[in-house]
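Below you will find the structure I want to go over with you.
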């Protein structure tokens, strides 16, 4: 089947497998794996930071980065729809003792001044006996918004606001690479805005496993301690890091293909079901579709040989990636368009 | 001075002290304090529930009640301005491992259907791999909104929504008594809406110390275990419970006086500074006032012999209570009105 | 009945109740309760420390003091039988994220050099990648050992060992007063040995509610933040503090009576059942008795009008206190001796 | 250099790399990686259990297995020297809210009846208000004891004791394979004793990354939820699992070589420094050596081209493994023996 459930499903390419098989390795818990070190150095440089740390997943990357900046009993302010409060099983609170307070419209409708007013930093927090805000976390691209990209100037503005408030600005950059490609800026332009980032190698970039915490040397050192505590320290992790290095070298620019595919698919599906698909919202590699019953639609699509993702009771998500070429995308359109067309008109 | 910083500042009256001095006591950790038991039974009955548990503070009451309904790794949905995410030092996450996800406008602007859509209960949460919502928490009256009261029909609606979703509806009822008096309904009418409540004896009711967790017998039993773990089990607590019983008997109806005082003060101050005070928002015993510099205004008022509270960098809060009689309230108006009048016009 | 289950069952005396009824109070969350402040100052001075903090229970006192010295992910080393790992529902881990590692024989059989070897402080802990030991906690008197007292020179030795290792030495001093009386030293002699202490007012001293965290100003300030997070901040807590002050003034020296009573009872019972009671182990106000079935023995004793405590499946605990005078103690002996005498000989 | 610091330093062999390069993979977070599933099924079968779960490290394996059996506020009883309380950064408490209570001599000197008496299960724990013991954890082989093996009959006895007490018996089996080889029993004989196990592929077995939680289906399902929360869910983890499968097929029996090497080295070193090395304690692949200054000795050995590990201020640890053949072991003896011989006699 054509599997468009997520860009996580990509399998390592032959070239990537070769890189893994030939990787020079050492014991990374002793900081002696040369391939892991190379990956960490490259990622730090690419994003304009001092240091990076290889971790097994984006969930662990977010946790270690956030917890390195957020002491117990402080709060992380994030979007109500953020991945970190939706899909990470409450780890920030459950494992880290850190509160989340969420705002709707962080990425778009909220006035930056109102965001600033929500950050409770010292000495104000102390005077009013409030929980102190330690981190403001944004997600770029925004998964639950269908891969939408934060406007650069809005991020720059948040940088100033958080600096002013003494609050760390963190980026859940699981798909930061897609944002950079969509904005046509080098990753460094985005990376430098933030105090800490978590970025993934296993989504659009196509590596089998791995994410990175990126930031200042002290932050990353604290993240390393948390990684060990979580059990994320891996021994000869160079076999995985080699795939990550390969992905950064070979799969970054090609994300533009995924974006082109997603746009094409959005256009095709919008033709078939105008009010169910909004092509102008497809800014990177995702298409969201409103359907009456998402689970039923998924099953129908699967019968037709196309796997799509559930994003809510009445929302399906289609994600383009490395393993879905022009032919696969066309086939997906051929299967999904008639299914959508057969649905009752939306909003009726 | 006239102390209107909060209704927590009230001191026990002579009658209340007498009740405390004469209280029959036992070891409440062994469940043998007759006065504590009487208070718990009365409170449960008053609010239409099976059981209640005496705790030293509203913060502990909220924690024990919420944690009894919210397993580690689940989430409590609450208002962005809720006391539990603002003034309780992140305890739900820090001590309880429970995530908070906050919505703006829970009490007013949000459409109930949108609230329902935010509750992620099983099996939906499981299918989409989301954090499960275990509790929806409302605060009544709403401290940071200046003591505003939830509309009864909105609460009734949330009851249905949460029942449907298999989510506990909790009330932070630090000032539930004020809500009942303002709505002119018996406390039971409010109490029965919720699965669990935390109510305070030490605010408008004037007891020196104490709050109660109220709910079903199993919930309260779990809360009791958390109380012990937190160190909230007290030995001869009957000396405090006696004050609580006295307060429920003698100080409940008189909250109407506090509301009358607050309304009068709001009117006086609105006369002096029309756009800084909004009398129609004073529904119970609080008046919020917008000022250019809250800390400076507090200091000026204190010089004049009136203590008011800081609620934010440009907001002061005035709270009426048992220890502020007609004379005190008049004096407060006499001091504050000219100070407000001397400020530059608001919004200019 | 004569209630010798614990010294927590004492009820406030008429003089103590009068002190409570007349206490001057304020809002202690604002640090404005003069009676609480007086109690905190007196307790700090009495134990030779800078500061103290009133809390509702010994469990909370231990938690706040320990957590003030033990960051998340560090460990507290304590006795395998310590109250903090036996009777506090795992709060140090559950609420505080702090590991406990326990040693047997901390108070007696372990060589001090072996204790020193177990403390994993920086830089050693770091080099070997070990959990860092932040606190060594001792309990004095030792509840599960039947109220036994630590030898002064052994404590002095631990003081040097922990100083050397950069580890805080904490005392769970629920019954520190009994230790001081038994050793015939001023409480300060014991207090000064430790970096932090938790001491109780509600056990031998007879106050209805309350304990104190005692230590350096910074430690106590951190403890205050944890108290608030736990919900241990109480408003007009002076009504309780007044009882504590009264207890410190009037009930400290009389602990010698309790010790005399316990010794007398131990002798009586040892006469009746030589190998079941060990009078030489009764150093303060407790007597432990080995019986074939502790629950059954408790029930029999209760039928005879004497309540004793369960300390294990085959151990009962008898505790003397303020509310048990000479007559009560004689009656307890009259009831318990024949019951013990009727048991099969121990160790047969 | 000959690297004998730990058996974690082994690098994947050419055959193992080939298996990794050719591994069939899928998205394991969706449970669709066929190689991971095959590894999990084989490991479960090999150890006589229903299910297994692949995790990135032994630390995560222990956490997920233990937390699956230990609710917040309960305790895990373990050896004072256990890896889980020494080298896992306090994760069980810090991340899991679970208390550890440790006993000395769990593996040897403690009488099993005394161990049984330390397990506080319901209803006893409830009656006496104690923390409930949920898990008893043993480590086999015991890392800090120099790789010593638990006697089978002692483990069988603990199985009965824990069943009786309603307590889960867990095995930290980072080197369980070594224990099975040393005892000359199939792994299943050891596996079936326990309720849950964590076993490592990356130590003696020579895989680059990976451990497994093994146990009943429900336990493993709970462990899976914790793995996700910790961020241990990896996407195309089959590239790692392939190494694990290869290791189970090809490197299990050869552990006997490591044991032979360790015994030979222990004998050589004991000849050189009789009281510093105890060959009879080398039961598997480790040799512990007492030296006056472990860090200095490590440095000297490294100068000679042999890396050994620090196990304490005066203890070094030598570990044999896959990458150290007969020649390497001889060379290690040739370098270390004279160094030891040059030290002052031990115990003088």
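Every chain is named by a letter (A, B, C and D) in the order it is written, and numbering of its residues begins at 1.
Basically, a contact is a pair of C-beta atoms (placed from the backbone, for glycine too) under 8 Å apart; a residue touches a chain by one contact, two chains touch by 3 or more.
Just so you know, these numbers come straight off a predicted model, no measurement behind them.
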Farthest chain (mean CA position) relative to chain C: A
Higher-contact pair (C-beta pairs counted), C-D versus A-C: C-D
Intercentroid distance (Cα basis), chain C paired with chain A, Å: 52
Chain C-chain D separation of Cα centroids, rounded to whole Å: 39
Contacts with 2+ other chains: residues of chain D: 72-73, 88-91, 94-97, 225, 229
Residues of chain D that touch chain A when the two form their complex: 5-6, 8-12, 17-18, 20-22, 25-27, 29-30, 55-63, 88-91, 94-96, 202, 208-209, 225, 228-240, 243
Residue numbers on chain D that touch chain C, as the complex places them: 72-75, 80, 85-104, 118, 124, 127-131, 295, 310-313
Residues of chain D touching chain B in the complex: 72-73, 97, 225, 229
